[in-house]
């Protein structure tokens, strides 16, 4: 087994630290330049050693393949106010040349059976180690709205404390909350559009009167 | 007018920095000791100078009274997973001797006309300045669930970009989203209780069989 | 042995985090208010588990007594520009009511046989845990000038890489560097005083002429 | 004049934030992999607006040329234990492809008339802004030993508080301290080499005996 986890995990920790600074900085850039940031807040973590070991065992992953097979050792989560913002940040990530998207899954359009919604991207990201050597690591970026994050956080908290299988009735109720939370996102986007349209109409009327 | 805002604001910035470290540390303590933290994440900010000046003018606050009248120059926001967690953190704050609660408003039980929900506390908090002098400042702590935070963040974002008065129809729709978001909180708490009860029942059955 | 080091160390980590924010904030307060801060920079660390275990074994410390006997599980280091600044910060620490000094050793006046110079204080500092319980922990604060820090850092780096006993000749040379580094501190303080006196004389002359 | 300094300075602040995380991470990588890091600590700052304005006026720099002419709007400082470490970090910086060195000045070999010693590099560094646009900014990296940093910090502190011209005698004394501080660096490197050689000799003897 991997003996020195600290050494093994350094490139992933470094990727997480750099990506957090990059996306948090991007939020500030948006707020300085426009009146709205599509990024509300950003978190990051390196997968705990126990979770990595558990996953290796469960999936029969050989040690040599860890770094290709476990795409979420480095994990970044980006919370966005509106659904449209999620897709805007996705475009931004694609446009950058300091990271390369290698995989994407849209669990917003196609929610998981549990009701879970988020957009998952796997990127390649280079870090520079002590020996002047560049190492490209995989990192997972999860993007979601605040409403999706509300549901995912609480569901995770319940699962974490009571990992036993829930009764089907409980599963159904959880899924229904996920669906309703999503509908609130859709309604907030609709309200936003309404306000924008009405605002533009007013501006137009003002200009015509002058 | 206040000439050196940097000097004036230092105690507030210091209070925000210390309180953030304290409540973020508390989250870690809960996660280390139990399987659940009533604190999900913590943010803090010092009120921007322009907002302070605007409020002084609008409310005719004399400069000598700024520090008593503006209770939110230092602001901390604590996001909690479940509604019960909010009330648990409130108890924790009351129990601490490094800060003193001087005012409280429960906008969770009694939501504002807009639909806004949060629990607001004003505390006194001591900081130690360059000249060996202790200064007690007021700080506002806002506590809310992730669901309440979803609504408040998006509503603020809309208000910030389009500060004009909304049409009554828009106000009603926003308020309805707030209400529905709150119902999701209530439902998640109910699901949590259900799972806990069922978990305890199972433990009991297991023990009886032995 | 202690099974859950993470739980055991939390109060110490929390103390380090809070003390770092407090002393770093103090630096900003000095810079905002005067033209000089007696604090240049602040570092902190929790003693690594291996070092704690090694010390327990070496000193035959029983586990119940760890928390009284190991006074440096939480460690803060404050680097000061001038020697006088060190003593000013010591006064500031004594004046604060959010920490209590319980022990002091002046290794500046009385350097260690190796040549090491620093001022060591042990303080009691309260932290608030997950269960509404206050815990008072011991923390060590080391204060030194940048020049003392230069020597101590390099000496530690050599010791860490080559822990074997040095030849007496090497020890003498290291001690001589420590002594010379200290003389540079003394000379810089003398220069500072000279400049201050000459500055005051000029101000006086200016005022007399008016 | 530049109206919105916050907007103007964002790319520089972002560069500083990213570079700090990168060089601080590099230190951890060295400590994890070897027993010595050539980086002791890293600081960074964006040039204060008043200093930029003052420099523009003093040097008659037109606004369009600010970004080419002021190479230190973004500034990073890397403190190294030994002189050799400084040159090792310089090599590391040259080897990286996420930044490009465009200028270098060796004030260690060729100290300034004041006695000041440091190695200065100007790099080009890309940041990604809100509008999917990449912007390459200049940043200055200063590298110095802890001993050089001791002198430079104290000299700056004196200059900052008493900016008037010093008497020639004071200048000479300051320069002499700089020279002596540098001699301590040279002596510590010599001691280090001595210890390394003696260590290798011992290892060799041990191996021969086996």
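A, B, C and D label the chains in the order they appear, each numbered from 1.
Please note the rule applied: a contact is a pair of C-beta atoms (placed from the backbone, for glycine too) under 8 Å apart; a residue touches a chain by one contact, two chains touch by 3 or more.
No experiment lies behind these values; they were computed from the predicted model shown.
**Q** Using the touch definition from the top, list the chains contacting both chain A and chain C.
**A** Output, common partners of chain A and chain C: B, D.
**Q** Using only Cα atoms to place each chain's centre, name the chain farthest from chain B.
**A** For chain B, the chain whose C-alpha mean is farthest off is D.
**Q** Counting in whole Å, what is the centre-to-centre distance of chain A and chain B, each centre being its mean C-alpha position?
**A** One centre to the other, that is 24 Å.
**Q** Centre to centre, by mean C-alpha position, how many angstrom separate chain B and chain D?
**A** Each chain reduced to its C-alpha mean, chain B and chain D end up 41 Å apart.
**Q** Averaging over Cα atoms per chain, report the distance between chain B and chain C in Å.
**A** Spacing between the chain centres: roughly 36 Å.
**Q** Counting only residues that touch at least 2 other chains, which ones in chain C make the list?
**A** Nothing qualifies.
**Q** Following the definition at the start, I'd like every touching pair of chains, please.
**A** Every pair of chains in contact is listed here: A-B, A-D, B-C, C-D.
**Q** Going by the contact rule set out above, which residues of chain B touch chain A in the complex?
**A** These residues of chain B touch chain A: 35-36, 40-41, 43, 81-82, 145-147, 149-151, 153-154, 157-158, 160-162, 164, 166-167, 170, 173-174, 177, 180-181, 184, 187-188, 191-192, 194-196, 198-199, 202.
**Q** Within the complex, which stretch of chain C touches chain B?
**A** On the chain C side, the touching residues are 4, 6-7, 10, 13-14, 17-18, 21-22, 25-26, 28-30, 32-34, 91-92, 95-98, 126-132, 134.
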